[in-house]
Amino acid sequence: MRVRTILLTVAAALSTAALACFAASAIAAPDTPDPVADAKAFRKYFTDKFPKVKLEDFVNGPYSMNEDMRKQWKEKEEFPPYEFALDAGKEMFSKPFKDGKTYADCFPNGGIGIRQNYPYFDEKEGKVITLELAINRCREANGEAPYSYVKDEMASLTAYMAFTSRGKPMDIKIPNDPRALAAYENGKRYFYTRRGQLNFSCASCHVQSAGEHIRAEVLAPALGIMNALPIYRSEWGGMGTTSRRLVSCNSQTRAVPLEPQSDEYRDVEYFLSYVANGLPISGPGSRP
Amino acid sequence: MSMIGNMALATALLVSGVGSALAATEADYKAALAAAESAEKDAATLRNRWTKTESTLAAAKKAAAAGDFDAAAASAREAEALAKASILQATSEKTHWKDMEIR
Amino acid sequence: MTIDRFSATRRLVLKGTSAVALIGLGVDLGFGSAHALAAANDKYPEEAFKLKSDKDAIRGLYGKTAEASDKVKLDAPEIAENGAVVPISVTTTLANVTSISFFASENPNALAASYIIPEGTLPAVANRLKLAKTCNVIAIVESGGKLYSATKEVKVTVGGCGG
Amino acid sequence: MASTIRVRASNSGDTTEVQALIQHPMDSGYVKDAKGQVIPPHFIQQLTFEHNGKAVFLADWGPAVAKDPYVKFSFKGAGKGDDLKISWVDNKGATDAITAKIQ
């Protein structure tokens, strides 16, 4: 029993000391979130840090940061391995449900060229709705079983829908609704919160160390990081959804992942997409 | 600034490694496991569990099943320390997330 | 049965095909027999693929050794973004080339791929290989019955920051 | 069933550039699945390209060729509208073939 008490007192003493010294230095940040100012500052951080990278190129992640990686990417883009997932997605998209309807009936503009508007804040439900969630809601509304958020079917479908929006600027709206602002802030908090035994936040890698190597991989900048999703990863040998990417990032920092499409994941996608407004959709992307 | 946060966590983990001298009995193991699982439950409510805690808990149960209560109790204690560290991380990050925020 | 072609070209080209669309007829001619009409030694080099080291595999495949030549241009990345898909290609100015092969020194079996270049086919190949770990990638070109090689080290490591 | 072979063959002057992408797992036999079982080797061994009944390119592949394999080469002596027959056979004896038009 003695061990535990020593442990607790030492840890507690250290953290109170730490807290004390922070209190002095923390500037009284304004409490009401200001997404417009955040987005401007977010973009400025990356354009200042990487002046040679063209704004719209940030969406190409590691390939906007490293020439050797970019060359390998360009060679694969000649005839990308995600062709098969794209074709499968297109076929699935037009295959009617048992009740005769198709995805086109669920989505504005028949689901074509609309990926840049996702995720959006649903004022009736008071929650963020991502493209993956909307697809499963459409399936359930038409008597079909929902797809897994981390498996091939969802990846192929979202790949096809992303492909129909390629080049269109990300266009995420935050309606004048305190719950929308709260969701945005919740996403921002998740993005900067350290987690897992490695004690990393998303920002530790994608803001502080963007462009640097972590083993063989080059870390993608956070600006526009959602624009390329879903991604075909050589690591996975297949197309992976946004949910799968977030879950695998969590486990890499040794944090236990949450349920796919949990509020935190939906909100962080909302935050990251909003601050990338104006940057082009480049999904489906291919990555290491 | 984040260095101090890291040190707090590192100490929490280091100290947890110290094993107790006497051979642990099944009762010791059960008590240690209960404490660890309760701490991990708190970490879960903060939605901030660590995979390392989960694997250490599993190792504790595996050792216990094999009858090695010494190792089982030690793993359970380590799991509890890890769970507490993850709780500490979650509570400290409630304010510290702003440290790295781009403004 | 036409296959609706999806041509994903340069990253940000707007929708619509700019590369050459192609209508595959997808006709299967019941192609049963071995490639009777293919070029000379078209038999699958089973043994060579089983040999371990690149030296043995080169000798096993061609029965001779190669000399390095700057006329063999091997293009491979410094650091492979992922060992599972490494774009590697070779071109050469050597004359009457009959075969091109790729070897990876640290793979379980060095011989990765071998190509027969019949008369009238240009001596250049691009492909995507798997590399187990950091290794020497060796391209071999058989020209006029002699073997010429180019070698480049490609660094390969596990991705991610640690699960 | 849609073909596993995607081909782009474009001709300019006397040279035809051919790119092929094939849907195939190319399992090497060195990888384990989630349950720890070794996935048996399953890879394309020979890929043949023929024009007017004559082989213009023949690939002998081992397990070190990447999944959904890709190859690019060029050859002389064909014109726009000619047929290009592509066929592969893997170590399990499975095959697929397609005849494509050179653009």
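Per-chain numbering from 1; labels A, B, C and D assigned in written order.
In this text, a contact is a pair of C-beta atoms (placed from the backbone, for glycine too) under 8 Å apart; a residue touches a chain by one contact, two chains touch by 3 or more.
Bear in mind that the values here come from a model prediction, so they are computed numbers and not experimental data.
Asker: Just the chain pair, please, that has the highest number of C-beta contacts.
Answerer: C-D
Asker: Can you check how far apart chain B and chain D are, centre to centre, with Cα atoms defining each centre and the answer in Å?
Answerer: Each chain reduced to its C-alpha mean, chain B and chain D end up 52 Å apart.
Asker: Which integer distance in Å separates the CA centroid of chain C from that of chain D?
Answerer: The computed centroid separation for chain C versus chain D comes out at 12 Å.
Asker: Can you give the whole-Å distance between the Cα centres of chain A and chain C?
Answerer: 36
Asker: If I count partner chains per residue in chain B, which residues reach a count of at least 2?
Answerer: Only 51 qualify.
Asker: Could you list which residues of chain A touch at least two other chains?
Answerer: Those would be 81, 83, 87, 234, 237, 251, 254.
Asker: What positions in chain C touch 2 or more of the other chains?
Answerer: Correct list: 84-86, 89, 126, 128, 163.
Asker: Looking at which chains touch which, would you call it a line, ring, star, complete or other?
Answerer: It is other, because the touches fit no line, ring, star or complete pattern.
Asker: Among all the chains shown, which pairs meet the touch rule set out at the top?
Answerer: A-B, A-C, A-D, C-D
Asker: Could you list, by residue number, the parts of chain B that touch chain A in their complex?
Answerer: So the residues of chain B touching chain A come out as 1-2, 4-9, 11-12, 15-16, 18, 20, 35, 47-52, 54, 77, 80-82, 84-86, 88-90, 92-93, 95-103.
Asker: Okay, in this complex, where on chain D does chain A touch?
Answerer: Per the stated touch rule, the residues are 2, 6, 8, 19, 21, 23, 66-68, 70, 72.
Asker: Could you pull out which chain C residues touch chain A in their complex?
Answerer: 4, 6, 8-15, 77-87, 89, 126, 128, 155-163
Asker: Please name which positions on chain D make contact with chain C in the complex.
Answerer: On the chain D side, the touching residues are 2-3, 5-10, 15, 26, 28, 30, 45-46, 48, 50, 53-67, 69-77, 85, 87, 95-101, 103.
Asker: Please output the residues of chain A touching chain C within their complex, sorted ascending.
Answerer: Listed in rising order, the residues are 56, 60, 62, 68-69, 71-73, 75-77, 80-83, 86-87, 90, 113, 163-164, 166-167, 198, 200, 205, 214-218, 233-235, 237, 251-254, 280, 282, 288.
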